[in-house]
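Shared chain: chain A. Partners: chain B in the first complex, chain C in the second.
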Partner chain A sequence: MMPRAKLKARKVEAAEALVGARPLPESNVWMRRAREAAHARVLDMGLPTKRDEYWRFTDPRRLTAAEAEAGKLHDTQGEAPVFDAFDRLKIVFTNGVFDAEASDALEMDGVEIAPLAEAAAADLHWARDIYGVLEQRGQNPVERPLASLNTAYAREGMFIRVTGNPERPISLIYNRSAEDGDAIVHHVIRVEAGAEVTILENGPVAARFNQVMEADIAEGATLHHIRAQGRDHERAGTAHLFARLGAEAQLKSFTLTANGSLIRNEAVIWLDGADGSAHIAGATVGDGAFHHDDTVFINHAAPRCESRQVFKKVLRHGAVGVFQGKILVDQVAQLTDGYQISQALLLDEDAQFLAKPELEIYADDVQCSHGSTSGEIDKSQLFYLRTRGVAEDEAKLLLVLAFLAEALEEIADQGFADDLRDRLEAWLKRRG
Partner chain B sequence: MLEIKNLHCELEEDSEVKILNGLSLTVNPGEVHAIMGPNGSGKSTLSYVLSGRDGYEVTEGSATLEGADLLDMEPEERAAAGLFLAFQYPVEIPGVGNMTFLRTAVNAQRKARGMEELSAGEFLKLVRAKAKELQIDPDMLKRPVNVGFSGGEKKRNEILQMAMLEPKMCILDETDSGLDVDAMKLVSDGVNALRDAERSFLVITHYQRLLNHIKPDVVHIMSEGRIIKTGGPELALEVEENGYGDLLAEAQA
Partner chain C sequence: MAALDDVQLRDGVDRETVETVQSMADSYKHGWETDIEMEFAPKGLNEDIVRLISEKNNEPEWLLQWRLDAYRRWLTMESPDWAMLDIPMIDYQEQYYYAKPKSMVEKPKSLDEVDPKLLETYEKLGIPLKEQMVLAGVEGADEGRKVAVDAVFDSVSVGTTFKKELAEAGVIFCSISEAVQEHPELVKKYLGSVVPQNDNYFAALNSAVFSDGSFVYIPAGVRCPMELSTYFRINAENTGQFERTLIVAEKGSYVSYLEGCTAPKRDENQLHAAVVEIVVLEDAEVKYSTVQNWFPGDENGKGGIYNFVTKRADCREARAKCMWTQVETGSAITWKYPSCILRGDDSQGEFYSIAIANNWQQADTGTKMVHLGKNTRSRIVSKGISAGQAQNTYRGLVSMHPKAKDSRNYTQCDSLLIGDKCGAHTVPYIEVKNSSSRVEHEATTSKVDDDQLFYCRQRGMDEEEAVALVVNGFCKEVLQELPMEFAMEAQALVAISLEGSVG
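So, the complex of A and B:
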């Protein structure tokens, strides 16, 4: 074993080599400060390595390498992208760069939307208290240097302030047309007291992406976040969601991931006000050279909050699924209701599921449960279906979808849930 | 209809465990046969082997449905050929709605038989009517298959599936166990409603009581993997009164 000090020195050296001399983007004063602070954090923490406690199951090298590995674009064969059938305000990024021409006008009742570049030049008061701030808070107790890297260098992203109840969802669409290249995207979202919004995200982004979403959900406000990461096999990336919830605020975040050679999704959630509720869910299907990691941290910092983590992974042909999930209950957070389940369905013997569920509880009157399982398709269920005349393939499909159902149920809107379910079904059918 | 000849089977993973040891029986179209026998005599295994469950190795003998070799078919092909098994322990399938399940099954079988699929409307009408006859709460149709169903509800759900699928050869494995008196009557009425000259039943039961409702043409006594005695309904009464002791002794003599 390498001594700790030496490990740390290597991490710092690697950070220095990667970004020590890389200039920060032009910004106004407040954002420049945020960037400089984030840059200093990266140099201080160093880059992640597989020796780090929360990177043991996922090798970050592809995410920290100087150059992104190029990858082939996926042929969608004319299949309409997810959410296509829904009326929404479309905001398009091409290779990680905001594409105003391809986007709708950034105008809708109940919401203010500005691209990061604009925000960086202007002085968006509300965003100051969020940009890089939630990310920084998220560095404790576990370091997330890739998110700081993002804060330091992101030139792209949307600053969204929700003041009412906009009638359409806001849809962030990430098109990709280049085989190589990086994308660094940083969104800042503030949902004002009592407001409610749905934010959709879909698309392959880039050969390599680093995304951060910082969301500040005020008292009694609700954020629905539905994300579909899919299609392109040959891409690597990491996405962080940092969310702070006020009293009686609600967050529902769901992510579907299909394909992708290396994806790490982190969610860091603080239930800061009483009676808040945070649900973080994911459905993942992986076939072949696929490595998918969900790392979730939920901090109950106020009484009577509820949280759910529901993660389901269907894996085969060497696909690897990782789940690291923690519920941290502070001493003040009495009457916490915390639930966490992570399950993998391994369709063959090559697939692998690695899980690290954790509970850390300092309050005495709480209800917390967690469970993690991995297994195959249930033989007696399969037989039962077949005795009713359902062919083996169809019966398996039914059972795989049934396995994923609990995660999809975390999507409040039935229309979106059905759309994603249909995608999953098509994905599974294509693979037979 | 169903012809089983000298059927032998053992466990696939342990060939020392021989469960069926030369079982023969023939069920003609329109007939109802009952099988009774002590626990562990192989009744459920027979039903599994006939419907194609993994884990059993048939070492000798044959089983045909209307002349077609059952043992050579996949479970779903046996179903399409008209075989139905009402399970002793119906399986719970979380995440699959009962209605979706029924519809998938009905349409899969129609497709296999070259019939057109039922439209959503037609299906709904049919399932509602059948469920009502069996006094199945419409709520049960919406819930996941058998999840949280009481023992009796599970059994009624099996009969509902049978009524929807209209098989030719129905095997009922202890469908009466776990049923209260009224439910037993309902289930029996459900079965009797399906009786006709073209449809046959093999009813596995421990209790003569069921046979008061579903009158068998033939009663078989099974022990250690074979039929040791065959007779009329009076045989069931004899078992009810005297147990299996005498019959087993007689068979051994």
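So, the complex of A and C:
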């Protein structure tokens, strides 16, 4: 076993080698400060390694290497992208760079939208309290150096301030045309008191991506976040969602992941005001060289809040699914209702499910529970369907979809939920 | 106990539960000290001390080398920091690593020669050490089942009872120092085969300086005629206790083993770093029960035992079975994960635990079930109760290796908090590397199974009755895993109604 001091020194050396001399992007005073502080954090924490407790199930080497591994582009064979049928305000990034021409005009009632480059040159006072601020808060008690790296170097992203109830969802579309290269994207979202918005994300982004979304959800505001990570298989990436909720605020975040050889999604949520509600859910289907990691940390810091984590993974042919979830209930957070479920369906002998569902509770009047299960398709359920004349393949498909349904139910809008369900069904059928 | 006095009762937590927890914290009834002349090795830890311990025990050269090897490895290791424990810096040079009652310097030939003060000590603890009493025919009088006891006082074993009867059955039950003399081939074969010297920091320390402990060998096909018990007591000041227990259950054998521990009340913290190794061979079964009641420190968190223990069973062959039952009420800090390596096909591991942490106690305890063989089974039931300013963590690992086809695990952890200054935490690790195995983990604050409730309701019970019945049944199920001999201590725990965690 490597002594702790030596391990730490190595991590710091690695960070120094990677970004010690890399210049920070040009920005105005406040953003420059945020970047410098984040840069210092990276050098102080060092880069993550598999020896870190928080990375015990996922090897971060591909995410921390100097160069992104190149990977083939996926042939979509004419299949329409997800959410295509819905009326949305489209914001397109190509290889991680904002593509104004391909995007709609960044105008809609009840919302102000500005690309990061523009925000970095202006003085967006509302963003100053969020950019790098939530990310920094998320470094304790667990270090997340890749998110600090993002704060320091992101040149792309959207700054979205929601003041009303915009009529269309805001759709962030990440197209990819290059086989190699990195994308570092950082979004800042402020949902003002009582406002409500839906933010969609989809597309393969780049050969390697590092995404951060910082969301500040004010009193009584609601953020719906629906993300689809599909298509290109040969890519690696990490996405962090940092969200702070005021009193009676609501967050619903759902992620569908299909494909991607190494994906780590982290969510760090603070329920800072009483009666808030945060639901984080995910449905994952993995086949072959697929390593997918959901790492969630929910902080209950105020009374009477509710949180749910619902993660379902269907894995086969050596695919690996990881779930690390934590509910932390502060002493003041009485009457907390915390629920967490993580389940894996392993379709063949080579698949793996690695989980660490944690509870850390300092308040006595709470309802907290977690469950985690792993196994193959229930033979008696399969038998039941077969006796009713359902063909074996069809029966299996039905059971897998039923298994994933609990996660999809976390999407408030039935239209989006149906679209994603259809995607999952098509994926399962394609993979036979 | 001021902290608990102003506790507001929550729904579902009854006054009795709170009071029982209170009463247990208020008085540590084993806190007295025996005034007995001791022989100490010099304070501090170095190779000379390791050599001295080995010499005092008249050990063969291989064992001395084994100890020195462990000591050198320990020097390169770091104290683990991953548990949810706040462990003050321990000065390993400020401890005595060897303490022995003076009257034991010349080993007594029979219990009659043992210092009467020592025997008094054990009598006070409620252990009938004198086998004569039982052998003299009072057996029927006290209706008790026979239990062979090995008592360890600070660093040395002071006496083992029922030797004759055990020998007739072929069972070897003696102190490990004796085993080194009389059965060196067995000790050499199995010592360190389950918990290697460098397994972890505290196991390495124990391997270097262990002074005594118990050795059990059950020959093939023998069902041990009585329960075996070791009683550990730390008496001397500033003394660490490092006992080593080795149990070998040969093919088709069975043994039930009990362990109990106490220590005097002192203001200083004392270190206890034990290792228990169990080897279970084909079709054999070992039941290991512990009531851990080391001094937990006073209500201000002063004093108490640091209990850093490595316990592991290796179910080495087909259909081997090991069952750990523990009731953890003592120690200022507990760091303990009794584990099962399920190597043999169809082998089984079970872990039942009740952990109570009160005042300033900290407990980080749980189990590891490592499934290597086909069709292996494991079951984990853990109940944690926190009160005062205590922190109580369940930490567990369930690992299904690729070859462990068709294996099964069921884990249930429940926590109950009394008062809002304590903490209850659950840190399970689940690693599933094959699809035919089923793993289920559940941790909740409401511990009543809906199906069972529904069943009871269907038969006309009202909800409270149904809950009471289910909880009662469940509680019994765990406590029943404890052998009768622990009834006294378990009784105090039965009183702690688990009902409070429902609702």
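Going forward, the second predicted complex is superposed on the first by the 432 of 432 C-alpha atoms of A that agree within 3 Å, B and C clash if a C-alpha of one lies under 4 Å from a C-alpha of the other, contacts with A are read in each partner's own complex, and residues count from 1 in each chain.
Convention: contacts are C-beta pairs under 8 Å (C-beta built on N, C-alpha and C of every residue); 3 or more make two chains touch, one makes a residue touch a chain.
On a predicted model such as this, the values are computed, not experimentally measured, just so you know.
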{"item": "Fit or clash - chain C, chain B, common chain A", "value": "fit"}
{"item": "Partner chain(s) touched by A:A402 [first = chain B, second = chain C, both, neither]", "value": "first"}
{"item": "Dominant toucher of chain A (residue count), chain B or chain C", "value": "C"}
{"item": "Which superposed partner A:A344 touches (first chain B, second chain C, both, neither)", "value": "second"}
{"item": "Partner chain(s) touched by A:Q331 [first = chain B, second = chain C, both, neither]", "value": "second"}
{"item": "Contacts of A:G389 with chain B and chain C, given as first, second, both or neither", "value": "first"}
{"item": "Touching partner for A:S380 - first (chain B), second (chain C), both, neither", "value": "first"}
{"item": "Superposition-derived angle with apex at the Cα centre of chain A and sides reaching chain B and chain C, degrees in steps of 10", "value": "70"}
{"item": "Which of chain B and chain C A:E360 touches, first, second, both or neither", "value": "second"}
{"item": "Superposition-derived minimum Cα distance between chain C and chain B (Å)", "value": "10"}
{"item": "Common interface positions of chain A, toward chain B and toward chain C", "value": "none"}
{"item": "Interface residues, chain B side, partner chain A - complex", "value": "51-54, 74-76, 78-80, 84-85, 87, 90-96, 100-101, 104-105, 108-109, 112, 144, 161, 165"}
{"item": "Chain C-facing residues of chain A, complex", "value": "1, 3-4, 53, 331, 334, 344, 346-349, 351-376"}
{"item": "Touching residues on chain A, where the partner in the complex is chain B", "value": "379-381, 383-392, 394-395, 398-399, 401-406"}
{"item": "Of all residues in chain C, those that touch chain A in their complex", "value": "10-11, 77-78, 81-82, 84, 402, 405, 415, 417-446"}
